[in-house]
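Before anything else, here is the set of structures, which you'll find just below.
Both complexes shown next keep chain A, but they swap its partner, so chain B is in the first and chain C is in the second.
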Partner chain A sequence: MCLCIFGFDLFCSIINCVFKRFVEIGRVAFIAFGPHEGKLVAIVDVIDQNRALVDGPCTGVKRQAMPFKCLQLTDYVIKVPHSARQKYVRRAWEKAEINKKWEESSWAKKIEARKKRATMSDFDRYKVMKAKKMRNKIIKHELKKLQKAASQKKA
Partner chain B sequence: MSGARGSIKEGDQKKKARKHGSRNPVLVRGIGRYSRSAMYARRAMYKRKTKAPVTKVEKKIKERAPAKVVKTVGGDKNGGTRVVKLRKLPRYYPTEDVPRKLRSHGIKPFSQHRRKLRKSISPGTVLILLTGRHRGKRVVFLKQLGTGLLLVTGPLALNRVPLRRAHQKFCIATTTKVDISSVKIPKTLTDTYFKKKKLRRPKHQEGEIFDTEKEKYQLTEQRKADQKAVDSQLLPLIKKVPQLKGYLRSTFCLSNGVYPHKLVF
Partner chain C sequence: MKTLREYKVVGRLLPSAKNPAPPLYRMRIFAPNHVVAKSRFWYFVSQLRKMKKASGEIVYCGLVHEKSPLKVKNFGIWLRYDSRSGTHNMYREYRDLTTSGAVTQCYRDMGARHRARAHAIQIMKVQIIPANKCRRPAIKQFHVTELYRAALQQKHIRRFQRCAKLRLSQVRRTFWCLSVAAKILTCCGWLLRCSFWLLGLLVQVKPGT
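On to the complex of A and B.
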């Protein structure tokens, strides 16, 4: 997470780049903790070293200041001028279809899977165990077949 | 005092003769002219000494209820009987501001205790037994018995847990439920049915003091019949839910990374 007002040369040479996601106007961020935990917002402006003006019209977050500490940058950027009004942030967000892209990303899918696992009942855990067992059996079976074929080929 | 005549006699004598006023003139309010004995003579009470034949009824009323009861007491070498007073002296004399409550105020005998059942446990819930020889087994809850214990069955064919009682505190209630509304549980399954039989008459110093007669549990035909009756209704309901049969056959255990306080049952 680095403030990139001076341009990319400071941190990123063309080939060897440590940081890939930068705080910039329009960067979509994921809120990691706090009252809006789990929602996406767009960084609309930078207030000072620790805070950003943030807005999430399509995700239910009112325009507000938010510390960088609770933001986690995503890969998405929307095209929006700094301090743009909510209407335009919403327009840009919907044009870029951020919500849809987010749902398809593996980050969101992992969060969803974690939630499901946490609410599994004892019976569900049993069913998962049985399903895993069957799956591994099938995989092992196929593997054994291939191994046998390979060993036979050698011989 | 000795003023007016008895009102009971008024009604009687109305037919016969007009009632006489008071034969005892008033001197001052509350004081009559004649004394009690003089009035006795003036009213001719000596002529009116009829005694009602009350003897038998009176005798019956006179018999008071017994004040003491002799009760037998079990155990030996304690006299065998106790004398219990039925009309006890009051335990409170109004010298104190508030009557003192007995030390046993509000203490009820076990049979009158209020039985509670956790909200998560309802008929048909799958429970995980935590103690006893069937610990870890998943079992179907049928109903709560009179003493508060839970009536539970394996079913026997799935996990060898028979119709048995389980203690609420030593069960985990899962959220899995079987619809048991159509299952009829025989009315004979009560606490006395399941109570352990004690057949031990200790003959003191007969050599083998610890030789209890009924150490081994004997299966009775009635138990088998009841088990069959309940299980035959339960098993088809269980078979309807996919994988529930295998679930009831399996046992619950903890392993690395599994924390009970984080699990949703």
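On to the complex of A and C.
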């Protein structure tokens, strides 16, 4: 029965693993800086401790060595054998619909929002201010109604 | 980052009456440019043969392009270098996409690890080594046929997942699964008493044929 208890502890600690995204063959990564900033690539092979052979046929990145420092791992992994040719990387990428999944992810949406905010004109900012005001008014109105109802219930 | 370039340099002694057709000698030189490449050619050739720049000529000096610059390769580099107290031979391994990249890595590495300056290093041979012939553990650790995983814990998760599948399909066949089944039961958050009781039941079950 001691086996059960030890197993439980081990299993618990394993479930609460600190690392969830691993550098592996087929892991899709986001390029954080450099000439291909902002694009997605798949890790096709690991060269050494600091560099990976990386390929992004569907995102316009030629196959090349890229330091891990440039890369930020995403949640997506494509099924690709190590050192697979670009043709097979492309096939696996399209099968997994990585581009579509990326567009729908909150990470990509946040980047998009940041870009939009950076290119706002004064008129855009005015529009945002008005929209926010309208939204907050509605929220406050509803909140006041609930608070009133709650206080009436109490009394 | 500046990398060295690989040059193929071919030279010979100047033809003379005694030696109308002198033999050609070819060298693989790793240098930043063709000027240095030619210079290094004479440096090496005069060490190895009775040939010097004044009495010879370079027939060809051309850049060698990497045959497969998009394939990761293991390079074995044999070199000879002068340390502070003597000269030694070395065999070192590097992983890179190109030969010149690997040799550049070698020079940087020698500078870092042994304080050897470039003028004190002579690259004797560079060869692409198949994965099974690599000798250095630091290079062999990147030869993984399965997925690379950064954390060791991942192996444990997979073993448990495999066990869970086994349990669902073949619980009665192996007693070994009992311990694993017990672990899974407790992990599902069932009461300890419940699991004891259940285990008792499982032990009574006869192994199927």
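List of remarks:
Heads up, the rule we're going with is that the second predicted complex is superposed on the first by the 142 of 155 C-alpha atoms of A that agree within 3 Å, B and C clash if a C-alpha of one lies under 4 Å from a C-alpha of the other, contacts with A are read in each partner's own complex, and residues count from 1 in each chain.
Note that in this section contacts are C-beta pairs under 8 Å (C-beta built on N, C-alpha and C of every residue); 3 or more make two chains touch, one makes a residue touch a chain.
The model shown is predicted, which means the values in this text are computed figures rather than measured ones.
The wider contact with chain A, measured as residues touched, comes from C rather than the other of chain B and chain C.
Residue contacts after overlaying the shared chain place A:Phe123 against chain B, while chain C stays out of touching range. Shared-chain residue A:Ala65: touches chain C; no touch with chain B. Within the superposed three-chain model, A:Leu143 lies out of touch with both chain B and chain C [touch as defined at top].
When the shared chain is aligned, no partner comes close enough to touch A:Ile111: not chain B, not chain C.
Judged by the touch definition given at the top, the superposed model places A:Ile25 against chain C, while chain B stays out of reach.
The interface of chain A with chain B does not overlap its interface with chain C at any residue. Of all residues in chain C, those touching chain A in their complex are 70-72, 94-97, 142, 145, 147-151, 153-154, 156-157, 160, 179-180, 182-183, 185-187, 192, 195-196.
Across the interface of their complex, chain C is touched by residues 1, 3-5, 7-8, 10-12, 14-15, 17-19, 22-26, 45-48, 53, 63-65, 82-83 of chain A. Within the complex, the chain A residues that touch chain B are 118-123, 126-127, 130.
By the touch criterion stated above, chain B contacts chain A in their complex at residues 126, 128, 138, 174-176, 243-244, 246-247, 250, 252, 262-265.
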